[in-house]
Every structure is written in structure tokens, then in C-alpha cells.
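Labels for the chains are A, B, C and D, by order of writing; each one numbers its residues from 1.
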Amino acid sequence: MSLVLNREQLSEYLHQVFPQVERDFAVDSLDENSIVMRLLVEDRHLRPGGTVSGPSMFSLADVSVYAMILARKGRQSLAVTTGCSMDFMRKPEGTVDMIARCTLLKLGKSLAVGDVLMFTEGSDKPVARATMTYSLPPEGSAAAAFG
Amino acid sequence: MSLVLNREQLSEYLHQVFPQVERDFAVDSLDENSIVMRLLVEDRHLRPGGTVSGPSMFSLADVSVYAMILARKGRQSLAVTTGCSMDFMRKPEGTVDMIARCTLLKLGKSLAVGDVLMFTEGSDKPVARATMTYSLPPEGSAAAAFG
Amino acid sequence: MSLVLNREQLSEYLHQVFPQVERDFAVDSLDENSIVMRLLVEDRHLRPGGTVSGPSMFSLADVSVYAMILARKGRQSLAVTTGCSMDFMRKPEGTVDMIARCTLLKLGKSLAVGDVLMFTEGSDKPVARATMTYSLPPEGSAAAAFG
Amino acid sequence: MSLVLNREQLSEYLHQVFPQVERDFAVDSLDENSIVMRLLVEDRHLRPGGTVSGPSMFSLADVSVYAMILARKGRQSLAVTTGCSMDFMRKPEGTVDMIARCTLLKLGKSLAVGDVLMFTEGSDKPVARATMTYSLPPEGSAAAAFG
């Protein structure tokens, strides 16, 4: 139940395999069952009206849970996103970062589930929530798993 | 942001309007943003194999969020369930009660959203999670709202 | 891609393993990728107000997709429901049967996904929709798979 | 139940209010209850491995249902996405366009629901499915509705 990668190792690995992540996301904190991920909000994340776009929030939720799985399973992990449910509840500010608080609810042999609450930095009212599910390939398999 | 009904008033009202609730559910605790609801597990809640059935968990999640809305909005509330997402993560025991920990994420003028984690009593590993969404009728309206 | 059980064999098997199904559900039609399942609406499926209850619709969706998997994979199949999303869109009548039209979107080695539209019999406006996901145990395994 | 905007008017309006849509999406066909939307797949829609990214599929689903609502409600429509559920079922090709087939399941006074199946062009196996829900502001209101 312990971490295979710490916060620094995880950040470094994410930047290495997903170069675009480096300019979009930062890992604020990490422990065995939760992670806080920051979306470094820029114009490219906004939609008309100046709020953070739905696809940007989807990315934030997906990266948060994926990073949490990596931190627990290690660099060779090949989790594939199989499902997502989201609720958009308040208007996100486009002028400050967005903070995702992610909890890993299950990390089984073949299935992982993580919950994410997203906030405009400085507010404690959730802007959106997401649950992401992942298929995990069999141990030792090199191939990503699409079930 | 305060409660309109306390735990005793809420329990009494639920039993009055949903007589079948009395034998199935109990409110363990209640505060302004969260409720703990108990499913009094009996044979009728089980499926073959002796685990708590999916429909029973759906009911537990729905009653939890609905009760939380009642506690905040009062007896005249006519929330209608419009959406639900659930993930089933572990096998629930059929021999002890099931405990739902519900958090109200949003209670707006026309939309409410609640998150629910469900546990076999005595375990801290969630058996299932649910998010329930509700449409709230306009203030003063007697009619339930299906949008 | 062909059926392992036809409609009669499927109905017989469902009644055998889930005796309670016999009085609640009937298979109206079945082909390789879709099934039409009927909820034989009785008082026990209703909630106050006389509409079909949420848990009854959850059951209908779950049985529909599960039966479709059985028809394709055969009697030894041990699919476990891992996820569900539902939207409730209109008030279902409580005085006639409810009809579920289910399409199997994926039947992989370890994951199955089915979509369900539910109608009050005689109406072409969907009352609710559901997507159900299932984990399938490895071939030859006797154990149900919770991932 | 008829269209307020035809395909050409809808395309023109989308390009006008969402300039970025013009290079990403095209309306292939439109009728009263359904729309076929094309994602013009480019490198920016891909993730490492060369498949279409999750956020790109989220955008495709969201634009499809939003455009369908516009076509029915007209240019003044201010629908706000309130919920989303998606299942990712197969690996999308990154070398051809992606096609979304969207059906409007409900267009009420305050709530709209649309279903979307997404395909790699030329294949009839769905890559992903999505259901998107929207809150609609009261008639005559200029403000977007977050419930």
C-alpha cells in the first residue's frame, strides 16, 4: 500500500513521458491514497466567457488519477481510461489555477477507480467532480488493456 | 446553510411519507453538508451469493442524498432524481448493515448534487460509490420537476 | 459473434438461477447485439405517486445487459456489474409495463458495455437511459471478477 | 419539434461564436433529433501512441449535443453542460477522422440530454460512448444557467 514513486519522481516521470504535461500540470502533494494536482490555467484552457473549459477539466481529472496510479504501480504501469463520469456544478474562474483533490478508491489487479473534486484556487466550493475508471493490464504484460 | 430539519425530525418525516423506508433505512448522523445513512440489511436486499444487490445500493444512495436535501430544504421539497453514476468496487457483505457516507456538493436553486461512499459496516474500504443529481422545482411550486 | 443461447434457453436459464426474475421480467426479443426486456410492472415496483421506482429501473437495465451477455457467452458466464450511469428523463407510468431496448456496445475479454433505453409501453419517448459496465472473469475461471 | 437552424445556418453560427470550432469540427448531417458531427483529426487531438485523446473525444461529444440543442432552440440558446458520462471501449485510430452520431433524448424546459456514439471513420464498432446533460436557462433570460 506504499508509494513506488514520490512526488519528485512522479513529476519527473510525467514530464518525461508526457512533455505537454509539464506546462499544464503540477503535483502539489501526494500520499498513499490521494494526490493534489494543479492545472496551470492559461488562455488555451479557457472557453468563450473566460471560464475553464470542460475538456481542460476532463484532462485535469484524468491526469490526477493516472498519476496516482503511476505513483502506486510504478513507471511500467499502462493504465487505460475506460470510463468517466463528471458533474459540472459551478462556474470556474479563468484567472487563477484550478486545484484537483483526488482520492484513489480502488486499485485492484485489473481495475482502478479514483474520485476527483476540482476547485478554483482559493475557494472551497467544488466547481466539478469526476470519477475515472481504468483498466490495468495483467502484470508483466507490455500491452495496454482495453478489456 | 443551516439545517431546516434535525436528525429526529428528518427520520420522522421520512417514515411518514415513505413508510417502507422505516424498515430499510436509519439516519445515523446528520450535519449541514453530510449525512450517514444505514441500510438495515435483510434477506430482501440480497442477491444470489448473499451479497447486497445493486438495486439496494441504488436505493441507499438515492435515499441518502434525498434525505440530505430534505434536511436542508424542508418538508415541502420535491426533488426529482435526474441522474446517477455508480461504481461497484468490492463485494458487499450480506450479513451486516451497509453504511452510506453522503456529502452534499451542491444545493442550487434548480440542481442538487450529492456524492455517496458505501461501506460494509466495520470496513473502511468502499464497496461502491455513487453520485446522484436532482432537479428542484421552482420555489412555491407544488409540482415535481422533470426539467 | 453468434448467440450461444436463444430466447427460450435464455429465459429458462434466467428463471432457474434467479427465481425472482420470473415474476419481474420477460425477454420480448433477442438478436446478436440487442435484447428487448420487459418489466412486468406490479405495485412492488412503484414508489409513492404511482411511478416506477428508480431501483426498479436500475434492475431492468442491469438484467437486460446481463441477459445479453449470458446469451452471447453462455451459462457459465460470471459477469460482475462494475459501473452504471443513468439519466431519468420523464415520469414513467405505473399502470403499464416498462420496455427496455438494450444494445451491446462491447463484449471484450474482460469488459462488457451495454446501453439501455427504457420506455413506458406504448410510448416512444424514453423515460430513462442507462449504460452498464461489467467485468468478465478470465476464461476457465470459476470466480466472479471484481477487478 | 422542428429545426430552428438548418445545417448551413448551424455551421455558420458555430464558427462565428466558437472560432476554434471551425478547424476542429464539421456538421456532416442534421435532422430533428440527431446530428452527425466530424472531428477533423489533427496532431493536436492525439496523445502519445497516436490515438485520439480523451479530452478530444469529450469535446466532440459536448459539441455534438450542444450543436443539436442550438439547432432546435436557436442562436439565443445558452445551454450549460452540467453532466457527462463516458465509456471508452476501443482504441481510436489517429490517422482518420472521428465520427459522432448523436441523438437528442430529451429537450425539456430546463434540462436536455443527448447520447453520442463515436466511431473511427470507416468502422462500425464504437470507440466510445457519451451522455451529456445540459441545464437550459429560463426563456427570455440572458444568463447561462448553472442550476
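Everything that follows uses one rule, which is that a residue touches a chain if its C-beta (ideal position, glycine included) is under 8 Å from a C-beta of that chain, and two chains touch if they have at least 3 such contacts.
Remember, it's a predicted structure, so these values are computed and weren't measured experimentally.
**Student:** Going by the stated contact rule, which chains contact chain A and chain D alike?
**Tutor:** Joint contacts, listed by label: B, C.
**Student:** Based on the averaged CA atom positions, which chain is farthest from chain A?
**Tutor:** Result for max centroid distance from chain A is chain C.
**Student:** Applying the document's contact definition, name the chain pair with more C-beta pairs in contact, B-C or B-D.
**Tutor:** Ranking B-C and B-D by C-beta contacts puts B-C first.
**Student:** Compute the distance, rounded to whole Å, between the mean C-alpha positions of chain A and chain B.
**Tutor:** 28
**Student:** Centroid of chain B to centroid of chain D, CA atoms only: how many Å?
**Tutor:** 33
**Student:** Distance-wise, how many Å sit between the C-alpha centres of chain B and chain C, to the nearest whole number?
**Tutor:** 24
**Student:** Listing for chain C: what residues touch at least two other chains?
**Tutor:** In chain C, 82-83, 85, 87, 89-90, 106, 108, 111, 133, 146-147 touch at least two other chains.
**Student:** Could you pull out which chain A residues touch chain C in their complex?
**Tutor:** Counting only chain A, the residues touching chain C are 82-83, 85, 106, 108-111, 133, 135, 145-147.
**Student:** Please give the residue numbers of chain D that touch chain C in the complex, ascending.
**Tutor:** 85, 87, 89-90, 105-106, 108, 111, 113, 115, 117, 126, 129, 131, 133
**Student:** So in the complex, which bits of chain D are touching chain A?
**Tutor:** So the residues of chain D in touch with chain A come to 17-18, 47-49, 54-56, 58-59, 62, 80-91, 144, 146-147.
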